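Both of the next two complexes hold chain A, though its partner changes from chain B to chain C.
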Partner chain A sequence: MQFKAEVFQNAYLSQGAREVHAIMTITAEEDGSGGMNTGGDKLFGIICDTSGSMEGAKIHAAKQAMARIVELLPLDAYFFVIAGSDHAVTVAPCTRATIENKQSALAAIRSIRAGGGTYISTWLSQALAQFDRMPGAIRQGLLLTDGQNEQVDEPRLAAMLNACEGHFQCECRGVGADWVISELQKISGKLLGSTDIIADAAGIESDFQGILERALSKDVTDVALRLWTPVGARVLFCKQVSPQLVDLTQRAHAVKPQTSDYPTGAWGRSESRDYHFAIEVKPGGVGDEMLAGRASLIITQNRVESKATEARILAIWTDDEAKSTRIERHVAHYTGQAELAESIHQGLEARERGDDDVATRLLGKAVRLAHESGNEATAKLLRTVVDVDNAREGTVRLKSTVAREDAMALETRSTKTARISRP
Partner chain B sequence: MFMSPALVCPQGHPSDDIDFCSVCGTKLVDSSTPAPATNCPDCGVPREPAAGAFCEACGHNYDTGAPGQLVWTAEVSIDPALREDGSPEPPAGTAAQQIELTRDSSLIGRRSDRRAIFPEIALDADDAISHRHALLNRLPDGSLVLRDIESSNGTRLNGVDLKPLVDTPLKDGDQITLGHWTRITIKSGEMRRSAASPAA
Partner chain C sequence: MQCPECDTELPPENRFCEECGTPLPNTAEMDAPEGSADNGCPRCGASVESIDADGYCAECGFRRGRASRNHFEITISPHFAGVCDRGLRHSRNEDFFCLASSESGMSVMVVCDGVSSSRRAEEASQIAAECACRILLAGSPVDAALIQSQAAVLGIDLATAGGQDDPATTMVVAVVEGRRATIGWVGDSRAYWISPGNNLQLTRDHSWVNEMAPSDAKPNSAQMHAITRWLGHGAPDDEPCVLDFEIPGPGALLLCTDGLWNYAPETDSLAALVEEALVEEARGEAIQTARELVNFARAQGGVDNITAVLLQFPATTVIEAAAETREVENL
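After this line comes the complex of A and B, so read on.
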């Protein structure tokens, strides 16, 4: 497997300008060389809420979904299962997915009963112990819950997330509509996963299967995006912008002065992601050319770093306004996608607090942006919340009644971006 | 490893990188005289200034005008399946050896100090190979030909016996078999930068 990087930017700046924007597309490709150490062990950890609120259809569906996942695991994979309530119970400890081990795990899953509270820090603590048994493996977790974390557990959860960072990745799923999006996003954000809603418990199984499939498709783990910037420069932001928006700015880990690493987690073959960098540099004079950033992909295997690919972000100052005022189309597209997600987030917030004017304006803008950029998936979700009179102009009316699940689905999935269309 | 002395950027910073200063990002190549955008005289691909003196596509050297050259490699291995009755057992555990054909003519044979024969592809372990067995010659257009130079036991190309003293063009993947159990696999590499000087 090998990585390729490509940078899209308009390097030209007007005199005195200091903000440089660039989109970097990174693609992992199977080249048959096997040069990179791929196809290592894969460890899949299921962390399932078994608190009292899960009682009934939810725990029944969750147990079925877990059993299905265990059945589907390839024999050379590894797995564990944790049931979480006031504390964590290791239903099946980290083990290879042999037929015998699957059988005993399935029996243990069948005996799970719902009861108790929601102390997610204890669940993650147990998951961390399991994942740390196989530090070289591709480590993917899946956390399912239906409710809010207990208030008293919040500080411990925050500390536990810091401890888990970099040790495993985790997808978060909320079943039903009684959980808090921002809470799960905190977990999935820190652990390089996504948060999504499973409105109906019947959908757990197919959702879990999708997560397992994606986890099994990964080939290399612990990949970091390394960004060098010149002395005096400042990184305004570093975001993953495709397939979904993830702001990595605060995740920077300084390697040395001027150089920071941003985590990107595990990659599978034929996977492609886009990143948006905004760098503020010292302004140059007309005719000056400088390197505003050098971005590379760093893979750490057995504590040895290797550079997979590299791309340069340039700044050239010009007095030709035709050059400096042009916005590169990839940059424009993803700036629009970020604005789309932000409009939805703020529009839903306004709607929640009863500010219908602001909500109508922002959700209308979102409809227009989704329409312009061809983001059909988000446009469809928006139509569950507003009636669209004119998508091109963004004229909408708020629906009088909206299912809570629909608003939550729009909120969680609005970070999925559309890929830029071919010119 | 030999390290070149650190570059110094116009602002006076020592730079680890050769294109832009690794401290302040200032461009290190003199941008007032940008290299003219030209097409490669050999292959017509536009010149990539960042690639330096060589054409990225064919290896043409813009400074000396020398064309790029195909780099050929001979992979020498011992294939016990080639052994015929009466031949000695091949030595076990010998790894395949990659020999890059850097000369215009490479001799396949067995080393003889007494006769002062020092083949580029020395197959001393196989005593059914003549001291001077065959030649791999690189033609001016970069292609490679094989010539059996009247070896005692002959040379086979892809299983067919070669006529002595006749050149046969080679291509990537061709299999030369000779001696008791020696196999040579020809690999045509990518176009490579031409040698910096004729002496190299």
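After this line comes the complex of A and C, so read on.
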């Protein structure tokens, strides 16, 4: 596998300007050469809420979905299953997905019963112990819950997330509408996954399968985006902007002065992601040219770092306004996508607190931005919350009744961005 | 700046000490060729190890030498000087020029305009000009200098070569000994003889408009400016264009890039500018005239990089040169 990086930016700045924006597209390509050590062990961990509230259709569907995943696992993969309530029960410990091991796991899954509270810190603690058995593997977790974490567990959960960071990645799914988006996003954010809603328990199985497929497609793990910036510069933000918005700014890990690593997790063949950097630099004079940043992809295997690809972010000061005022189209597109997600987030918040004017204005703006950027998926989700009179102008009316699940789906999925269209 | 002889503190633009009259090192020497003196980063003082292959500093990020490459001046004598300027619209200065005079009194002037559609055009123009100047100063004929410069441009180390956008540059050179000037050129950088009542464009552009355009071509079509010959990859393998020109009397030899002549396409309008500058500047120094010409092009819009180089033949020098020539003939 081979990585390629490309930078899109308008390097020209007007005199005195300090802010440099650039979009970096990183693509993992199968090149046949092997290049780096790929195809290592894959460990898939399922962490399933079995608290009392799961009783009934939900636990039934979750058990079926888990059984299906175990059946689908390739024989050379590894897996474990944890059932979580007041504490964590290891239903199936970390093991290879042989036919016998699968059969004993399936029997154990069948015997799961719902009951007890929700103490997610204990579930993650147990998962961490399982993942740490195979530190060299591609380590993907999947956490399913239907309710809120117990208040008393909050500080322990926060500490546990810090302990888990970098040890495994985790996708979070909330089933039904009684869970809290921000809570699961805290977990998925720290563990480089996404949070999504499964409104109807019947959808658990297909959702789980999708997560397993993506996990199995990964070839290298523990990939970091390393950003060098000149002395005196400040990173205003570093965000993944495609396929989904993930703000990595606070995730910077200083390697040495001027150089920080941002985690990007595991990568699979023919995967492509875009990152948006905003760097504040010392301004130069007209005609000056500066290397405002050097971004590289660093892969750590067996504690050995290797650089997979590198790209440069430049700044050139000019007195030609025609050059400096032009916004590069990739930067414009993803700035718009971030604004779209933010409008939805704030619009839904306003709607929640009954501020219909603000909600109408912000969700209308979101409809317009989704329309302009061709983000069909988000446009469709928006139509579950508002009636659209004119998408181009963003004139909308709030729907009088909106299913809680629909608002939650819009909120969680609004971070999915549209890829920039070819010019 | 301090006078090296009497230590008097002087404004940096002075060329002679106000106290003792000692000639001062000209500023062009200080901010001219980049990378020739490896002293690290001029911005933050980082050591030379911090400078990467493309000239970026690993500490402050600034690219070395950009500022001075944007505008530089060289004064060889009050009659012989040149100015090279980025202009207003281009982010880089891809023009370059070299001036030199030998102990035997030979004057060498080289002006290059890096083709802006090519990669590293600023490098092509600099390498070509420096190569030609060095060879001419060593006594090589003009055609040999053009051929050698072509080889120097091809020698620019590229990761991938052979493309449409490989480094390329124009060149016009003049070698003057006594009253005899030899002019050589490739592309559309020009040499003029400017003298009241006798203004001549000495070179003929290797351009689409001259060599290929139908007679009814629209004067503003984009192709008008396309050059048909250049130095660099894929250059047509034609004989170098070289001509001899006898300095007819008092006047000035002007070498310039299209960044200047585009704003004064008629020889007489360009000549008028030179004469105007001469009148305005009481002393009529070449550097002042060159600055006036560059400022004129900037005032007109400065769309391209601008280079103007002048070798003036005031009435007295021409008479001296003529006398010298006669002496040589008499021997």
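Basically, the second predicted complex is superposed on the first by the 423 of 423 C-alpha atoms of A that agree within 3 Å, B and C clash if a C-alpha of one lies under 4 Å from a C-alpha of the other, contacts with A are read in each partner's own complex, and residues count from 1 in each chain.
Quick note on the criterion: contacts are C-beta pairs under 8 Å (C-beta built on N, C-alpha and C of every residue); 3 or more make two chains touch, one makes a residue touch a chain.
What you see is a predicted model; the values in this text were computed from it and never measured.
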Given the alignment on chain A, is it a clash or a fit between chain B and chain C? clash
Output check: A:G285 vs chain B and chain C. Expected answer is one of first, second, both, neither. What do you get? second
If you stack the two complexes on chain A, which partner ends up touching A:E393: first (chain B), second (chain C), both, or neither? neither
State whether A:E71 touches chain B only (first), chain C only (second), both chains, or neither. neither
After the superposition on A, what does A:V231 contact: first (chain B), second (chain C), both or neither? both
Per residue count on chain A, the busier partner among chain B and chain C is C
Residues on chain A lying within both footprints (that of chain B and that of chain C): 229-233, 281, 287-292, 315
Listed in rising order, chain A residues that touch chain C in their complex are 12, 229-233, 281-282, 284-285, 287-292, 315-316, 318-320, 323
Give the list of chain C residues in touch with chain A in this complex. 44, 52, 56-57, 59-63, 66-67, 70, 86, 88-89, 91-93
What residues on chain A touch chain B, complex-wise? 228-233, 258, 281, 287-292, 294, 312, 315
Could you pull out which chain B residues touch chain A in their complex? 17, 19-27, 31
